[in-house]
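Presented sequentially are two complexes of subunit A, the first with subunit B as partner and the second with subunit C.
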Partner chain A sequence: MLGWLHIAVPPAPALFGQLLIGLINGAFYAMLSLGLAVIFGLLNIINFAHGAQYMLGAFCAYLVLNYLGIGYWPSLLIAPIVVGAFGMLLERFFIRWIYRLDHLYGLLLTFGMALIIQGVFRQYYGSAGQPYSIPDLLAGGQDLGFMFLPNYRAWVIAASSVCCFGTWFVIERTRLGAYLRAATENPTLVQAFGINVPRMVTLTYGFGVALAALAGVLAAPIYQVSPLMGSNLIIVVFAVVVIGGMGSILGAIVGGFALGIIEGLTKVFYPEASSTAIFVIMVVVLLVKPAGLFGRTV
Partner chain B sequence: MRSAAAADALLEVHGLEAWYGESHVLHGVDFAVAAGEVATLLGRNGAGKTTTLKSIMGILPERRGTITFAGRAIIDLPAYRIARLGIAYCPEDRGVFASLTVEENLMLPPVIAPGGMPVDQIYDLFPNLLEHRMSQGTKLSGGEQQMLAIARILRTGARLLLLDEPTEGLAPVIVQQIGAAIVRLKQAGFTILLVEQNFRFAATVADRHYVVEHGRIVDMIPNERLEAETNKLHEYLGV
Partner chain C sequence: MKRRSLLAVGFAAVLAFGAAAPAARAANDKVVIGVMNDMSSVYSYLGGMGSVAAAKMAVHDFGGKVLGKPIEVIYADHQNKPDVGAAIAQKWFDQDGVDAIVDLPTSSVAIAVQQVAKERGKVTLISNGGSSELTGKYCSPTGVHWTYDTYALAHVTGKAIVQQGGKSWFFITADYAFGHQLRDDTSAVVKAAGGQVLGSVNVPLNNADFSSFLLQAQQSKAQVIGLANAGGDTVNSIKQAAEFGIVKGGQRLAGLLVFIADVNALGLQTAQGLMLTEAYYWDQNAQTRAFAKRFEAAYDGKVPTSGQAGVYGAVMHYLKAMAAAKTEDGVKVVAEMRKLPINDFMTHNGKVRIDGRVIRDMYLFQVKSPQESKYPYDYYKQLAVIPGDQAFRPLSESECPLVTH
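Now for the complex of A and B:
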């Protein structure tokens, strides 16, 4: 009995350490799946380029630092704007033409875009990661007694939470969000009320992409900057979106953080399953609740 | 059919044709609505009434002809620009949004010109809506959803209201309430183009009636002649 306890209950620092890693991963899952949910809701497009756009955000920060000497803090603004604008061009000139077609076409188109974008960066930077250092202001950490909390990680969790909550608030509680929800249901009628829906669609796509780029900048000091950094992550993020419910804002946020934590805990208690835990949960959720945990079945 | 109304017409439709893919649905619709009047499009199911409203609103991709609103040709404009000129649309299926509360539904259409109806007057016109302000839009009864669909286009400052069968499938009491609202809207200066199959209801609110058959306007009956032409109308409507 005692022996069993000894194996099953890990020392507190290890537990909290994994919890923290889970929370950090969850912060990225949440921001990325949120962008996917917003885009899917209005555009009906499964944006497979999302991982590449996240990578573009990180590279944007890396490039402006190395070529222009612009540091981390301005990059938090510059990367989302630049990459978001790039996203709007993609929407305006490519994605717009396939809204009437089956989901499959959107998936193929955006997947193709992801391959092209990643291919270009691999051509120039190879697959190895480029280092990006933590801003001075956030170097070091706090000793909480039961664990050591690096300042940068605390900042990532806080920043992601604020972005997620802010997005949720705008969509669910403001007039702008009401336009978005209404256009998700019936774009034609919203257009007949005098709202320029095509422009709103472009801006929404740009916003989702900007959110991915922001996540990329936040990730740069933690995961290094590499052309494939997004393609590894995006598979898990799609599982999160499916679990939370396709297009559900709350599902994306709650699901992102929760699954990050669950994944972290799995690493402590049953490390062998840590990379598959999320997919097992996805299968179970799909069997029990095909629309996802927060999915609306109107 | 470019009749007496044409002189001071707010809306003029001439030679309007429309298609759904291959199928040609409107074959040259001509009519006019004068500023401040209530005109109806009467006709059987499938005659092309809804298609006519959609064509005016610009939410039907394939259409041809001339549509003039307040002296401006609008047929080539996108729907949101047409709306911003002062035309508001209440669709046949009501189009109440499930993901919005009653109040959010009401406040959704943006104000496009000054002079819209103040919200307290709207609630005064449809008191049921005030009661259920915070409920989900689609939790309302059918009649209340219809009221909401009309109510939300009154705020915006639009001058011409396109109402597609606002009494369809509703209990007589509610139909009366909606009729009273339409009369009050006319008094408030709105111009209304009303689609109806129920000509008895139409007679209580309208100034003139256009009869739609197979994608054309085949007759125009001023409301005061409606009584005399009841037999003819029965034939048109197949009742």
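Now for the complex of A and C:
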């Protein structure tokens, strides 16, 4: 058995390649944890359905392609809108009733929803993946010398960075963001200023869900489109959010990219532990800084 | 509030860990066959409810009764966890009067369940489980390994690729019993044929992103990248290998365990040219097509996988042997199974060996290009038929204690 164990330090170019790949995976983590952080930070809901909503995004792209012949690029818009609207319905009819209860209830409700959504898709499509190919425009790749970078992965980093920065900017730097943040602090007062707080909350949840769906569309061509694609990812993404600080937008983004890189390096030095590394870090962070790296202590 | 929170947590635990499907209360007035497999996760498409449908078809075709008793088929989800599988098996055997457990994908679970069955003299008919150790170190006098195993996959696919000049290999290995076994079996074939193994990386099960591992494989400069994994892991690694230009860069992929549903998930554009080994493909001949047609009618119009087809064959042979042996006793029934030749739509003159291994022909296929494929699921062309005694491990190499050298 020991013959297989080869822990060697790879040459520098190889390491660059691994760092870049870590960054790409980090881009996915960042987008998903961003949606979670927005929903938790502004609605106080631990959205366990986020993985299922990510899966819905990917399936939406797959379905519009196969039934309506609509390709990848329009899907980037259609899937977030459709899935986001579905999220808003969930918020209006279910989640709305538990804002004043303990976090656990929100967690259970959304977890139950996730199981139902995944179950329905598994029933119809089975657990095997569905095919979805990379759009022609982004096929192929660039030889960077130290590695071959597929064009599609470069696009993922770019798209995710834009989304992350845009979301951060809107919430932290604009008037709309200020309303949102104020509404979480003191909804009654904000409502007294004539702002429709319930509608704002619904839209915020829809936006968080739309971010998950967008990540799902981005993921469709490289991971397989399957009902269970979100269920494993969601646990990792939760760890990212906890490490970054629950509800902290910046924490989610920085945490996502940083943990993508750390996970990438684990895959080189000790691959067997690559699925565990993030949780070890989470434990350490919680011991040292219980509110997370960017979290405000309550 | 505290108590309600606790309740909520308890409820969450129930949701998360699920409950086994209800099984029948039993006295010994019927023969009970339990289909145990992954019903809800990564491997459920290989067996899942499709295996239950196949088992029920076999029971129906047999006539629904054996030794004058009705035959019942029950099922449960082992969630790919050996402890869950072993616990269900204990309950089934000790309380529910189950006589045989069928299917058992995920080798680690199959090994655990076969052990539980062996202690009680009950039967295991393994179809989707793959590790060749099931008939090696862990063999059982009441265990039958029906459809395929890692040794056969390694020998048929591995040898074919080495013969075509793929001499240096790098493995991407699923980090559990099955993956390790498949890697070790294939390495032995490669080395015996004069090739060399440059390295291997162990990847946790259910990994979504393989780019890091593919990059390591690329840098190893091996001619062949052996995928010692299964299901979604195989699909993701092949899909991403195409993206990272691995095949265009002159390296070759060897999918060591590829099922028809995986090819479907990849799409022919990505999967074309891949060589793979299977015990059954629906479009081989009139008999295989006839079975597929009946199966499709019984199970949502889905094409049967080799594992599901194997479940049918195993259950049928088990029932025939039970009728011939005139007893439900596991040891005696399996002894009878060894005596009877196997002949059905997918197996011709097969036999069950002393170690429990079913010896049957295996087929080497190549995935068609999109242009070659004329109708739905027209995916494979057959390259070679490998006789069972060449595909499977010879008894002389067996570590099974039942084999006397």
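We adopt the following convention: the second predicted complex is superposed on the first by the 282 of 298 C-alpha atoms of A that agree within 3 Å, B and C clash if a C-alpha of one lies under 4 Å from a C-alpha of the other, contacts with A are read in each partner's own complex, and residues count from 1 in each chain.
The rule is short, and it goes like this: a contact is a pair of C-beta atoms (placed from the backbone, for glycine too) under 8 Å apart; a residue touches a chain by one contact, two chains touch by 3 or more.
Values in this document were obtained by computation on a predicted structure and should not be read as measured data.
Overlay on subunit A: subunit B and subunit C fit together in the combined arrangement. Contact with subunit B, but none with subunit C, is seen for A:Y179 once the two complexes are overlaid on the shared chain.
In the superposition on chain A, contact is made by A:S275 with subunit C only, not with subunit B. Contacts of A:M229 after superposition on the shared chain: subunit C is touched, whereas subunit B is not.
Once chain A of one complex is fitted onto chain A of the other, the partner contacts of A:Y152 are limited to subunit C, with no touch recorded for subunit B.
Ranked by how many residues of subunit A each touches, subunit B and subunit C are led by C.
Contact with neither subunit B nor subunit C is seen for A:F257 once the two complexes are overlaid on the shared chain. Between the Cα centres of subunit B and subunit C, as seen from that of subunit A, there is an angle of 150°, stated in steps of 10. Of the two partner chains placed by superposition, A:Y29 touches none, neither subunit B nor subunit C. Residue contacts after overlaying the shared chain place A:D102 against subunit C, while subunit B stays out of touching range.
Superposition on chain A leaves subunit B and subunit C with their closest Cα atoms 18 Å from each other.
Comparing which residues of subunit A touch subunit B with which touch subunit C, the overlap is empty. Listed in rising order, the residues of subunit B touching subunit A in the complex are 57-59, 78-80, 82-84, 88-89, 91, 95, 97-100, 104, 107-110, 112, 153, 156. Within the complex, the subunit A residues that touch subunit B are 175, 178-179, 181-182, 184-186, 188-197, 296, 298.
By the touch criterion given at the top, residues 4, 6, 10, 14, 17-18, 21-22, 24-25, 102, 104-105, 107-108, 111-112, 115, 122, 126-131, 133-134, 140-141, 147-148, 150, 152-153, 222-224, 226, 228-229, 232-233, 264, 267-268, 271-272, 274-276 of subunit A touch subunit C in their complex.
Within the complex, the subunit C residues that touch subunit A are 1, 4-5, 8-9, 11-12, 15, 40-45, 48, 175, 183, 199-204, 206-209, 211-213, 215-216, 218-219, 231-232, 235-236, 239-240, 243-245, 249, 261-262, 264-267, 269-270, 302.
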